[in-house]
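Listed next: structures, encoded as structure tokens.
Paired with subunit B in one complex and with subunit C in the other, subunit A is shared by the two complexes that follow.
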Partner chain A sequence: MKYLWLELYKLKHRKVFLTFLVILGVELLFVFSNYGNNKNFLNMVSDPAAPAWEDLIIGPAAINGLFFPILAAVIASRICDMEHKGNTWKLLECNNQNRKTIWFCKFTIVSTLMMLAIFIQAFTIIAYGNSVGIVQTLPVRTLLGFVLGTAMITFVVVTIQVFFSLVCTNQLVPMSIGMVGALIGFISTLLPPGIRNILIWGNYAELMVLGQDTSSGNLQSSGLVVRNINFIPLVILFVVGLVAYVVFRKRFEKYEY
Partner chain B sequence: MLINAIRAENLKSRHSNMWVAVAVLPLLTAAIGAIIYGINASVSLYDGDMWQQLWLQTGLFYGYFFFPILIAICASFLWRLEHINHNWNCLMTTPIPQSVIFIAKLVVLAKSIFTAQALLMIFIIIVGKVGFRFEQPIPIGMLWWLFMGWFSALGVAAVQLYLSMKIRSFAVPVGLAVCLCIAGLACYITGLGSMFPYSQLILGLSSQEKTLPIDSLTTLVPMVVFYIVFFILLASRRLKKIDIVAG
Partner chain C sequence: MIVSTENLSKEYDGIYRVNDLDIQINEGDIYGFLGPNGAGKSTTMKMLLGLVKPSKGSIEIMGKSFNEKNRQEILKSVGSLIESPSYYGHLTGGENMEIIRRLLGLPRKNIEEAVHIVRMEKQMNKKVKNYSLGMKQRLGIAMALARRPKLLVLDEPTNGLDPAGIEEMRELVKTLPTKYGMTVMISSHILSEVDQMATVVGIINHGELIFQENMSVLDAQRQPYIILRTSDNNLSCQILRNMNPLRTGDGLQLGALSDEQTGKAVQNLCANDIAVYRVEEHRESLEDIFLNLTGKEMTL
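Let's look at the complex of A and B:
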């Protein structure tokens, strides 16, 4: 806990939280500014049978694939790069802070911020939905599923970003990984389920709780169908992420600077 | 003097990981574009100009977000060398004008952008000719996609180089680039595409235009040139007036 506070102390005046808030703010502004002009959504607001809440949830769900890998890459890089720039690795270890603690502190801060982003999104969904007066009952299970699913995928993304930001002195590598992740995450809704599940960042598309009703074979259909989140690929990804977490931590503990 | 500065910048970026990033993004973009085109082609949504359709699938999100992010990463990388190991002191004591330092970095960045664009076009030709066996000839418009895409990206390059010079962090300018991409998209949607660098890029790539937007040249080209010159002047002024923190 002491080291965690020290880590937070190091972030003072580094504007990490400001960067986090700006990127998240732009994402939320981008997502929710569209709903006011969306006639389909506005028609759904007063219809208790229409999936208005699900329509609100897919806004952040669709765009998280783009923003979350970049957000995680930026925060992780910002937190880890200061150690590279100051060449403080040996200094930290001399001060009785072992590699395990360094990993834990960095990982905890990045994942806490990412969890905060998810909760802010969920809160914004509820606040926006209530402000426009959606008459449909809030689907709490779907919203919790969205939060849980996003957290599971983001855990893996954070693990990757923290590891590469820690071991690569040149931050070009983790930032490029973030960029590739964002590309895959954003495009993943257009990819078939099998392919997108293999690609780590592609799993953000599994959180789309509303889709087009193409059961009649009409690909231009405007009918909407509520979908349950398929947690099987997410659980598999999360388990792989846990293994990666342990492997990456051990690699970091043995890494020579 | 400028030539020597460019040579020095080339030397700094030689054998760097930047070129891997420059090659990987077009490769991934082309692969994903091919997958999406393949899915849509199999349900016969497209007929007519196949190359244009392939370019639409490939270039749409590339221009919106990923090309500016790549430029931001390369710009951050070019300045990162100066931000570490007290290199600012070394750079600022070299007997060359401050504007030349910035222009030399812009030239190297322009070279990497052109490489990315050229690679993307090569991958698209491979996807079209080898992957989908297009019988239509390779369109002459591809030269527009290549050169105007590259030219319109120079405005973004100037902005990102300035941000990376000013902000000592590698990651923050990249994060800002994502936010500016959203602003660019908003400008493009509202019809102010040629006014903002990040939407100029979308116009230049013209992945959503059925015909080449030749009319837009009269506004696009001067605005891109304006942003390049403006940020060169801004950067030179900053380098002259502000005391550099080396670390």
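Let's look at the complex of A and C:
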């Protein structure tokens, strides 16, 4: 606990939280500014049988693949690069801190912020839906599924970013990894399921809880079908992520700077 | 005995960069750890701090065998500054000190005292990235001093400092044992730098400790001697023969003489109408001794 507070203390003047809010704010603005002009959505609002809430959820779900890898990369890098810049690894280790706690603190801060981002999204969905007066009852299970699924994928993304930010002196390496992830995440809805599941960041596409009925081929709400989130690839990814977490932490503990 | 190592060795890529070191540092010593670039000084010091795992050998610090388990405990009374200074540039000097204070759970008084010793009180509200190298180096020492260490390990603390900074560092290090009861291990590749402050010297070359001796022993070995140059060196030799002069290229060399003896010798020569051009006192430097030891020059 002492170390966690200290880690937060070190973030003074780093504007990490501001950076976080700006990136998340841009995403939310980008997503929710569209609904007001979206005829399909406006038609669904007053129809109790139409999946208006699902339509709101796929807004962030579709774009998280792009924003979350970037957000995680930026935060992880900002939190880790001060150790590289000031060459503080030896300082910490000679002053009562070990690699385990460094890893734990950095990981906890980045993942807490990412979880916060997911909750802010869920909250924004509910708030926006209520403000426009969606008559359909809120599909709580679907929303929770979105939160849980996003959290599971993001856990793996954060593990990757924290590890590379910690071991690479040059922060361009973890940033590039984040960019590649964002690219994969962005195009993931276009990729066939098997392939996008292997590409870690591609799994964000699994959270599209609303799909088009491809057989009819039109954009009417009647052509939209509610899809259940397929958790199988997410659970597999999460388990692999847990293994990666342990392996990466061990690697970091042994790493000599 | 504050530090004692036995067969301490480190292998990198199949080569022993540090080989069978038996280092002994007593309480209150200023141990000058000398060696050319790449000799293995930093590697040795890192092993003493547990930053690098020895390939072979053992370390005892303050009577306790140093291992992974009691490492953090022992390091609470060991201050260190290894290679380049470490700091958080985006924080102020005071905030950097606060991090150390919290990590070690020290009272604020310790911080004030440490900052005072390195005379950095006025710089505490400045961001460290705007510090000069000398200030960063002093902040690093303040961080090391904050725990009131029994042992201070400094790896080339004068690296990158200007002559005034070097002199200041030297004065600072010299006061630590007497004023604060600390033992200091300080590495350098500049022999003359350590010559003026160390009480014990250890010389490492290609990973091997080729010399480890008290400065007083060294001092006894290198008595000062007097060099005379006169208008007639041969005749001078004759006149001063009871002082056992040694005829050198362009003068004569006498042993260690007191001021009186020197005065008498010069008077004697003048009385014999010999003009004395030069009277110089020479002393073997650490470089000369190193040269004698290894038969080769130690590069700076």
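One rule holds in what follows: the second predicted complex is superposed on the first by the 249 of 257 C-alpha atoms of A that agree within 3 Å, B and C clash if a C-alpha of one lies under 4 Å from a C-alpha of the other, contacts with A are read in each partner's own complex, and residues count from 1 in each chain.
Just so it is clear, contacts are C-beta pairs under 8 Å (C-beta built on N, C-alpha and C of every residue); 3 or more make two chains touch, one makes a residue touch a chain.
Not measured: the values here are computed from a predicted model.
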For this session: Figure out whether A:190 sits in contact with subunit B (first) or subunit C (second), or with both, or with neither.
Result: first
For this session: Please indicate which partner A:85 is in contact with in the superposed arrangement: first for subunit B, second for subunit C, both, or neither.
Result: both
For this session: Using the superposition on chain A described above, determine whether A:97 touches subunit B (first), subunit C (second), both, or neither.
Result: second
For this session: Check whether A:171 is in contact with subunit B, with subunit C, with both or with neither, and answer first, second, both or neither.
Result: first
For this session: Look at A:39 in the shared chain and tell me whether it touches subunit B only, subunit C only, both, or neither; answer first, second, both or neither.
Result: neither
Exercise. Who touches more of subunit A, subunit B or subunit C?
Worked result: B
Exercise. Thinking of the overlay built on chain A, is A:9 touched by subunit B (first), by subunit C (second), by both, or by neither?
Worked result: second
For this session: For A:77, select first, second, both or neither according to whether it touches subunit B, subunit C, the two together, or no partner.
Result: first
Problem set entry | Common ground on subunit A, meaning residues reached by subunit C in one complex and by subunit B in the other | 85
For this session: Would you pull the subunit A residues touching subunit C in the complex into a rising list?
Result: 2, 5-6, 9-10, 12-14, 82, 85-98, 256
For this session: Quick one: which bits of subunit C touch subunit A in the complex? Just the residue numbers, please.
Result: 46, 49-52, 72, 75-76, 78, 80, 82-91, 95, 98-100, 102-104, 128, 143
Exercise. What does subunit A use to touch subunit B in their complex?
Worked result: 15, 19, 22-23, 26-27, 29-30, 66-67, 70-71, 73-75, 77-78, 81, 85, 170-173, 175-176, 178-180, 182-184, 186-187, 190-192, 195, 219
For this session: Spell out the residues on subunit B that touch subunit A in their complex, using ranges where they run on.
Result: 16-18, 20-21, 24-25, 28-29, 32, 35-36, 39, 43, 45, 61, 65-66, 69-70, 73, 76-77, 80, 83-84, 169-172, 174-176, 178-179, 182, 247
